[in-house]
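Listed after this line are the structures, all set down as structure tokens.
Two complexes are shown next, each including chain A; its partner changes from chain B in the first to chain C in the second.
Right, the complex of A and B next:
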């Protein structure tokens, strides 16, 4: 009897819940947000797929198929930007993952002035990138900059950080790490402090060393935070524009150009089609490198 | 021996992080108060004479008080976009968390796309020209709202998931309509996450350089970051003024940080991890 009524009542109840959901959480509440996002972000993203196939200048646009993309792989300076973007993303995210973890371990151990140090490491995240770029351009001046003058005092002949073709990209990458490692550190710290203290206590009773504790407790349990840091800094590295632009403008020559700076340069010179193609290449790069990375790392978290 | 090793190591680590992270800021302050000759040497030295007021006045007066205009513009843009972001993303987060239907995965996909994908610049500019909002302050406000929506929605949705549904049920039984349910029951409970969103987005939009560069070119509407960028080429020989400018633009985020340190760190890490 009870089972039968429950079954009979269940079906209409379910649809009533749905109706009530629809009436209490109506879709029209989403419309303003969806309009702004759809018109100003999604729509241009979709039309960019068409514009990237055109020769498009101030005055007219003409359909030219895949010529813009072919140009990206044939012109050495465009191709180099593509390679530079990938190198930059790998170098900066790699350094942020490692240094961020080191700093987080340091800043979660009992220290004097620990909170102050945490703030100090995090503060560059909040500072104007343009300001950081200008400051480090001057600190990295090849002959009179503070960095090279300090190196000279201990007898090292400092390199031409931003004027050396082979080094400029890596110098900017170092500054990007300086600016962004604080965010990686706080994400790691949030992960580390959520590890139960019992684990460390139990392992200490069993005679584990600090290194063993790090290797077998901290490292495995901080993995979700580490994945977040990898994804965030990798995508940030692929998209970076402001720091490159204020420090080197892609120079010397085209040696530190990345996709985002190429997009801006082509836009400035009026090659709108080529600029948009650059944008599409950047989408594809992120889709090809970052999305699978995201899925792979998330799956690992779930199965564990 | 092990005592020396243990404390020596952490002392060294602390010293290195202090040097690496603090020296550049002290450098900015020193440069900003030096006179022109001393700042031209670009070295890390104690200022021989202090010119705080003088440099400050000169930077403010440069190019017809451009920095003042820029400060006003940046403030208007930041305040308006953050206000819009908070209301709109809280609504989206609310409906998305409470109501799961067939289109939920699609919305999730678009949120993720907004978080990861770079915007297509030139088509956006063309579109804004057609709508008549290119090179306007309100145009940039809408852009900032569109580009920062995903992050805010994720923060709000995660927080709303911790508010029990029974609360909604009770309000509904008491006769609440959708808008009064949201504004009178849900929104007041969102205070912690709202503070986080406000602080994080304020800093991000105030510091934004790329979007004003593309969508708000021209002098009359310059933002603080654009002004600083333009001063870089104008003050090539007057580093003291350039650094005074950097200092003035760094102070607002510093103030925000001093007051909301906890919320910023919590918000950035929570949004990142759960997102």
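Right, the complex of A and C next:
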């Protein structure tokens, strides 16, 4: 009797050990990815949080509390950059959302050479941003650029795209839209083709015109794709650096400076702690704007 | 309110002819079912009626309007799709009233018509729900409600019950039948399920290969199929067939037989048949009985005892598989040799061209 009881008690113990071994197995598979993520993302993020609180010369650092943040917010052109960043994000994401949808609707309707045109629209996404920046800097040259020369041919005196203080930021924004609208279009196309054809047929019988079909069927049902485009392009706009830097370097003056270019300039000048603090501010700014936006948009997605 | 007329209606996709000349006249208030196997063109014919497919040639009249080039919305039709095609972002009420919203109907009229449809379908309590919050049967009813609100002259149904489970399908079938009586509208219904066709239709149109094989009242199609295809398609389980040869023939009857079939006499008048002519003999499973001196010799392969009836799967000497549905519980063993019989009036004969000799002109 005693033996039987002991056996009965032992048996589940053994299987519990086995269970634990079994449950460890998938965890082992996670380690490589976790290590890479930890080293390349978590560690730099946490150390940058620390270094933003120090005076940092790359060789040694001295803890100075929130001095960097105080100094960062006292930067004379910071508010201009902050406003520019938000304007840039709104203008580029707004245009990508609207133009991308228009192109996607066009490229999902029966067209000659539709697949070719889809590739053409996506092509700028594949080109290096620095390459795009340099090319457009040449094209937008106030006197010798192709754009203004073309305008001159039809009698229009083209503006100083990148040298006009009031225009430079918007010129770069237009180039960013040109470069990024292809990705938005592809996301929209995926969204539109996943809408069942039955809805369009049913609405045709219900009496919908092309415009009514767009307004009542396509637009509400393409929302998930639209929200992806909004979030991706808005975050992309807030943290944009490379195009601004290759095209205007924040100029003329500080008129097209954005947060990222201000941070970079501080970094260039050797204020590593200060620029790290600027990065933390940018991170918080993106989180404060993008997280509620994302939550708001997700609530509006329709379940089929 | 009006009927519908098709005159030599044809449809081709490139070089492929899908509908090969359909002539059909549907009376006002009639419930017509298009039935046929997959790819027979029944859905295409319905979509041509709806205006979702172009008509290659021929004429389509709805009421007294030639509709070949008329937009779907102006044809006076409403369609219920197989997938229901309910707009997922709209509530039930919005789905019901979508056609009125598009037509910018006054809010009052819209609400009244939506409520009327909801009452007919007993869905008043579900008007604020989204389609994703409804069961399959409820979604089906919303699709029908959307059609009712349009007050169409002709309702078109494209396999509307095929996504429902068996029990719900039976319920919905009865509801559709009631709805037809209640509304008195013309209805065209497409299905591949011949039981749906038999139970719902005033008239069945059997299609195969883009051509009308036969049309008529369900029971007429069952009793007097025009050809081998209709005989095999209408009725469940399927009719049994075997090849036979004419042994002798006179003015009122013909005697046929084959190696596995003792000669049987079938009443048949007005036919000129020669001894030795090859025919196909057809017998429905339900009319077979066991009989020790029966003309059909079979070997039992499988017996399904359902209590009220017994389904016997048996093999003829030629290897042909036949089915008999015997009433009552009958004990038969696998491998047992059994003789089956049928009354001669229940035996159908089909000529070499597949046509029913009793009905062909």
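Here is the rule we go by: the second predicted complex is superposed on the first by the 273 of 304 C-alpha atoms of A that agree within 3 Å, B and C clash if a C-alpha of one lies under 4 Å from a C-alpha of the other, contacts with A are read in each partner's own complex, and residues count from 1 in each chain.
Note that contacts are C-beta pairs under 8 Å (C-beta built on N, C-alpha and C of every residue); 3 or more make two chains touch, one makes a residue touch a chain.
This is a predicted model, so every value here is computed, not measured.
S.K.: Could you check whether chain B and chain C clash or fit when both are placed on chain A?
M.R.: After superposition on chain A, chain B vs chain C: fit, no clash.
S.K.: Examine A:98 and indicate which partner it touches, taking first as chain B and second as chain C; both and neither are also allowed.
M.R.: neither
S.K.: Between chain B and chain C, whom does A:151 touch in the aligned arrangement: first, second, both, or neither?
M.R.: The answer is neither, since A:151 touches no partner chain.
S.K.: Per the contact definition in the header, classify A:297: touching chain B only (first), chain C only (second), both, or neither.
M.R.: After superposing on A, A:297 lies clear of both chain B and chain C.
S.K.: If you count the residues of chain A that each partner touches, which comes out higher, chain B or chain C?
M.R.: When the residues of chain A touched by each partner are counted, B comes out ahead.
S.K.: Per the contact definition in the header, classify A:163: touching chain B only (first), chain C only (second), both, or neither.
M.R.: In the superposed model, A:163 contacts neither chain B nor chain C.
S.K.: In the superposed arrangement, does A:117 touch chain B (first), chain C (second), both or neither?
M.R.: A:117 sits against chain B, while chain C stays out of touch.
S.K.: Mind working out whether A:289 is in touch with chain B, chain C, both or neither, as first, second, both or neither?
M.R.: neither
S.K.: Touching A:138, do we find chain B (first), chain C (second), both, or neither?
M.R.: A:138: touches chain B, not chain C.
S.K.: Counting only touches as set out at the top, which of chain B and chain C does A:199 meet: first, second, both, neither?
M.R.: second
S.K.: Please provide the least distance in Å between a C-alpha atom of chain B and a C-alpha atom of chain C in the combined superposition.
M.R.: 16
S.K.: Going by the contact definition given at the top, which residues of chain A touch chain B in one complex and chain C in the other?
M.R.: none
S.K.: Show which residues of chain C lie in contact with chain A when the two form their complex.
M.R.: Contacts found on chain C: 50-52, 71-73, 77-79, 81, 83, 85, 87-89, 98-99, 101-103, 130, 132, 146, 150.
S.K.: Provide the residue numbers of chain A that touch chain B in the complex, in ascending order.
M.R.: Against chain B, the touching part of chain A is residues 20-27, 29-30, 32-34, 36-37, 39-45, 47-48, 51, 56, 103, 106, 109, 111-113, 117-132, 134-136, 138-139, 141, 144-146, 149, 178, 183, 186-187, 189-191, 224-225, 228, 232, 235, 239, 241-242, 246, 260, 263-264, 267, 272, 275-276, 279-280, 282-283, 286, 290-291, 294.
S.K.: Spell out the residues on chain A that touch chain C in their complex, using ranges where they run on.
M.R.: Residues of chain A touching chain C: 196, 198-199, 201-209, 212, 216-217, 220-221, 302-304.
S.K.: Where on chain B does chain A make contact in their complex?
M.R.: 10, 13-14, 17-18, 20-22, 24-25, 27-28, 31, 41-44, 88-89, 91-92, 94-96, 98-99, 110, 113-114, 116-124, 126-128, 142-143, 145-147, 149, 153, 168, 172, 178, 181-182, 203, 207, 209-210, 213-214, 224-225, 228-229, 232, 239, 242-243, 246, 249-250, 253-254, 256-257, 261, 264-266, 268-270, 272-273
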